[in-house]
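What follows is subunit A paired twice: with subunit B in the first complex and subunit C in the second.
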Partner chain A sequence: MKRFGPLSVAVAAAAAIGLPFLLKPFGVYLISMWAVLTIAAIGLNLTLGYAGQVSMAQGAFVGIGAYTVALLTAAGWPFFPAFILGGALCFVIGWLLGYPALRVQHHYLAFVTLAFNTLVFLVLRNEEWLTRGSYGIAGTDRPSLFGLSTDNARVFYFLCLAILILLSAATWWMLRSPWGRAFVALRENPIRALSLGLDTRRYTLMAFALGSTLGGLAGGLYAPLVQFIEPGSFSLNLSFNLLLMVIVGGSGRFFGPFVGALIAVLLPEWMRVAEGYYLIIYAMLVMVLMVFCPSGVIGLFEKAMKPKKPPAAPAAAAIKAEATPQ
Partner chain B sequence: MLRTGFLVSLVAASIGLAGTAHAQQKTVYMPAILELSGAGAVSGTNFRDGMLMAIDEINKAGGILGHKIETPVLDTQSDAGTSRAQLQKVLDNNPYVVFGPVFSGSVLVTQLMTMKAEIPEIVGGEAAAITQKNASYVFRTSFGQQFSMPKIANYIHDSIKAKSVAVVWVNNDFGKGGRDNFTKEMKDRGINVAADISTEVGQADFSADVVKLKGANADAVFVYLNEEESARFLKEAKKQGIKAPLIGETTLLGQKVIDLAGGAAEGVQGHVGLTVDAPIKAVQDFAAKFKARYNYVCDHNGIKGYTGVYFVKYVTEKIGKFDGKAFAEKAHGITITPQEEPGILMEAKWDKNGDIDRESFLGEVVDGKQKIVKTLPMLSKK
Partner chain C sequence: MTAVLEVNNLSKRFGGIVAVDNVSFTVNDGDILGIIGPNGSGKSTLFNCVLGQLLPSEGSVRIDGQESTGMRPCDLNRLGVSRTFQLLQVFPQLSVRDNLILAGQEHQGSMASRLFGRPDAGLGDAADQMIEFFRLTHLSDEQAGMLSYGQQKLLDAAMAFMAGPRLVLLDEPAGGVNLTMLGLLRERLQAYHAERKATFVVIEDQMEFVMALCTRVLVLAEGKIIAEGAPEEVRRNPAVIEAYLGH
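Take a look at the complex of A and B:
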């Protein structure tokens, strides 16, 4: 946060507020999608980047949140109670998914969460009585806020942006609280954290639950944004894409998901000028980025902005030269 | 600071600023959003190639109402969410009509937007639900499942004389729609569905499914899968010695499936909505032109793309202007014959919902080729 300074944040905030007035509806749709996916990626960054718990199930939580909102609003519920219920449901399910993490770690945990994602996909597809199965759910209405309809693309974007800012601020506050430090301790050395009296069991479960909640809230916005959801939208592909956003942006860095989501949403669109080759070029760019900058784009900026070591003073250089054997 | 500013300007430029107007001098903007990557790439590529061939022919002959057709092709990645985004992109430029998508799930999300924008959408999707949602701007280029399944059901009842049938289907919106319509038609005809086997998109191993089929001992097997999966299924069915007739609807008898399955496709029978092997000279001439241009045999999606463009040309020339609303009004209930518009290849009629009616065929695979054995009349001419 310190490295990027309030000025950079102010510029980014001005861009986020001003851009929709310069963009056509397609551009507004893309930045709305960016805001929604950033929320989900912040959740995964919390679980993976800060607490070090590998999760391949974030796409499933987006799906649970999206289906909760789509089904409840279709049944006549107002948007916001459905939205909050979607997040709460993901908190409970995320907490339960955290139990395997108490027993297995790393790639074993990755496979547990991957299996959970597949399980959610199968439930969404096969339990037709509840989810309408392969046909999906079309036409989820956009909410009204204090009598103001968000049907307009720009208004809906500002709703997504407001929720993103609110959740980001809450996450930022939490990361600077003892909870945030406990998450990092859990990632860096769980045995030492335990020996210092940290309840690692509780914090592991909490890391999953909070990360999943953000996934569910993102899903709650995804349904009225796209206005069509189907099980295939929340398969492993989405989980991999969210993982890509966290890693490419900078895992364990607060602004990583913001930049990662920007790249994952916009880069394929930029590459479309290459027509049939655009997905190949996109994949190659991501590979190059990961090879040369494993700490993600934010890591690259941090490296570039790090003050360079001042050259050795003449006296120190002379002492060093004298000490060197001839 | 400078870096941030540069990033912001790059982002803004990349997603298109509001001021960039679309040049439309003596051209008419008719974009296509198609499945060029992902699970639908075979279908989307065929549709695109047929469509572009028709556009080149029309442009060479002077265009529509003196306007050349301008058709950028955007990839949906076979994903409904991406389709929605790409449709929004083209709607920003005020198109006259939109071609595609082919995947039914993508059509279901885009048709709500085209209806709102009053832009006709010429689609390749076959799910029954597409034209049952009062989307008055969507027009099919092939039969919906609610029309093709009664034909295949009649064939199983009258020609195969089956008393029981097993159905193998792909569990997505396309396969589920087909399966639901098919089982309803079977029930109406008193035919017992002895096995109802769902399979996955991209499934590689069908051995367990074929074992189940053998256990069901049905008089016929109806196979409703995508191209690659159809070929894999046929190979496994041959390996395990399935004796019951294998019946399909268009895809199973397509040249792509025959090429991939090799000898395992031999003897497959079924109903074919559109085929380049149709005993119609115009269709065969089209197939030869397509093969010469692209060096592969066109499937039914290529015909959809080609005839879809000529459908737009005919209706537009009838209304004499580029007006989406007038187009939709004129196109509902229109009949186009090859005498009036040779590019339509076969006489076709669109009803008030945008569903198409035309002749179709019964076929079987003989010596690695699809052979048409019977032509079925248009439903409206029975």
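Take a look at the complex of A and C:
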């Protein structure tokens, strides 16, 4: 947090609380979507940004979480147990998906996870007895919390925001623990990490499992937010979009997903005036950002915040310190 | 004297090539054993077999009398065997201090207890002491990737010592290090050895470094041991001179 500046966090917090009172219903829907997708992007940032395991399947986990909640609440379950079960299911499936990562890395791993995403999509579409296939599932109820209904869009937004804050605080705390250091070590130099007693196998699986859990929890909020889910929502498109959020925001940076999701959710809406051209403009903006700042928007921000030191500064400071009487 | 490391009849073949050919030796408590030999003589392959990075074709490795052939590097490390690498192997984006904490944290409790324990795994003070011991105090909070090559070599060695290992294998610690830094590195290794009674095995090409540091030297050529003994003895051995100077 110290990198980002407490002021920016305060401004962002004020905006997150104040905005829903200023926006029209569609605006509230969009910032709710931002909160939900940020949770999924935090998960991918953990797997990809911190632990360095390429995953193109985050969209599939959002789907698994969404379908779990939609199906279970339709069967009469209350929301929160279904929500937690969706996350737990993704933990287990994410752990299993981690096994290929023990054998293949980088773009090979990207293809393995890509195939997994397609597999999940096909199951959602073809297993009609369970998922109702291409018809999708409509009308997932919004939960009520201590007797308070969240049918109101604004109230539901605050539920999403609260869960986002809770999950990002947990992630922050985990990244500060020795686990966070171990994940970075896994990304930077797995062979050395192994020789220092780090069980790279378990940490790799854990990185996948935890990242996927966050994807599943995001899905659990997606279903009651959109109130209509179908297999197409969780195809590769969503995975690519989440990947884009992580990379554009700043991969391996804590606040990257927050910014990345904001851009990915809002920019297409703002550019609707450009009609058919908006995807082209959007794509070009992303390309320009990646060329000039591969560390994403947060990286750009860090660069701007860092005081520019001339190369001779330490020596100059030493001379100055010596010249200054006590 | 107890043997910390015992290598028995170890061979490693890659297809038709015999990289290590029926090598046996022991390293006793407190030894600094140097392994020298011309390029391609099998030193690194031997190291990798001992350290679990490669599975030997034949033979066995024992640590403190316990069979360790085929163990994973992370399990070997927790048994007290630590190493440095020939090429630089630090974590460039972590700070110097975090590099050292990482090097010790997996020895503290279980994976679950580390998640709920202190962020520095209780190793902050130990890391600071190690930083001071290797004269890196002014660089403690720098990202390891920002350090000079020689400083990274010092950090690399410090990381190998962080968990208080029984046996440390150093793979070409002097390679590419300038003379001033080399003097410091050798002096620090000797100081560590004297203080903690640690046991080292060093692979090195640079003769002066080996002769000054090691208590015993083993010479490999074409995968076989051709000489073994005190540094001065080995230096005068005709077989060694021939292996180094050619026919």
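Here is the rule we go by: the second predicted complex is superposed on the first by the 309 of 326 C-alpha atoms of A that agree within 3 Å, B and C clash if a C-alpha of one lies under 4 Å from a C-alpha of the other, contacts with A are read in each partner's own complex, and residues count from 1 in each chain.
Assume a residue touches a chain if its C-beta (ideal position, glycine included) is under 8 Å from a C-beta of that chain, and two chains touch if they have at least 3 such contacts.
On a predicted model such as this, the values are computed, not experimentally measured, just so you know.
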I'd like to know which partner A:M174 touches here: subunit B for first, subunit C for second, both or neither. second
Between subunit B (first) and subunit C (second), which, if any, makes contact with A:D199: first, second, both or neither? second
Determine, under the contact definition given at the top, whether A:A185 touches first (subunit B), second (subunit C), both, or neither. second
Winner by number of subunit A residues touched, once subunit B and subunit C are compared: B
Should A:S8 be classified as contacting the first partner (subunit B), the second (subunit C), both, or neither? first
Between subunit B (first) and subunit C (second), which, if any, makes contact with A:L279: first, second, both or neither? first
Of subunit C, residues touching subunit A in the complex: 51, 53, 72-74, 77-78, 82-83, 85, 89-94, 98, 101-103, 105-108, 111, 114-117, 119-121, 159, 162-163
Of all residues in subunit B, those that touch subunit A in their complex: 1, 3-5, 8, 11-12, 14-18, 36-37, 74-75, 77, 79-81, 84-85, 88-89, 91-92, 105, 108-109, 112, 129, 133, 171-173, 175-177, 201
Show which residues of subunit A lie in contact with subunit C when the two form their complex. 174, 176-179, 181-182, 184-185, 188-189, 191-200, 202
Name, in rising order, each residue of subunit A that touches subunit B in their complex. 7-8, 11-12, 15, 19, 22-27, 29-31, 33, 125, 133-136, 138-139, 226-228, 230, 232-233, 262, 266, 269-270, 272, 276, 278-279, 301
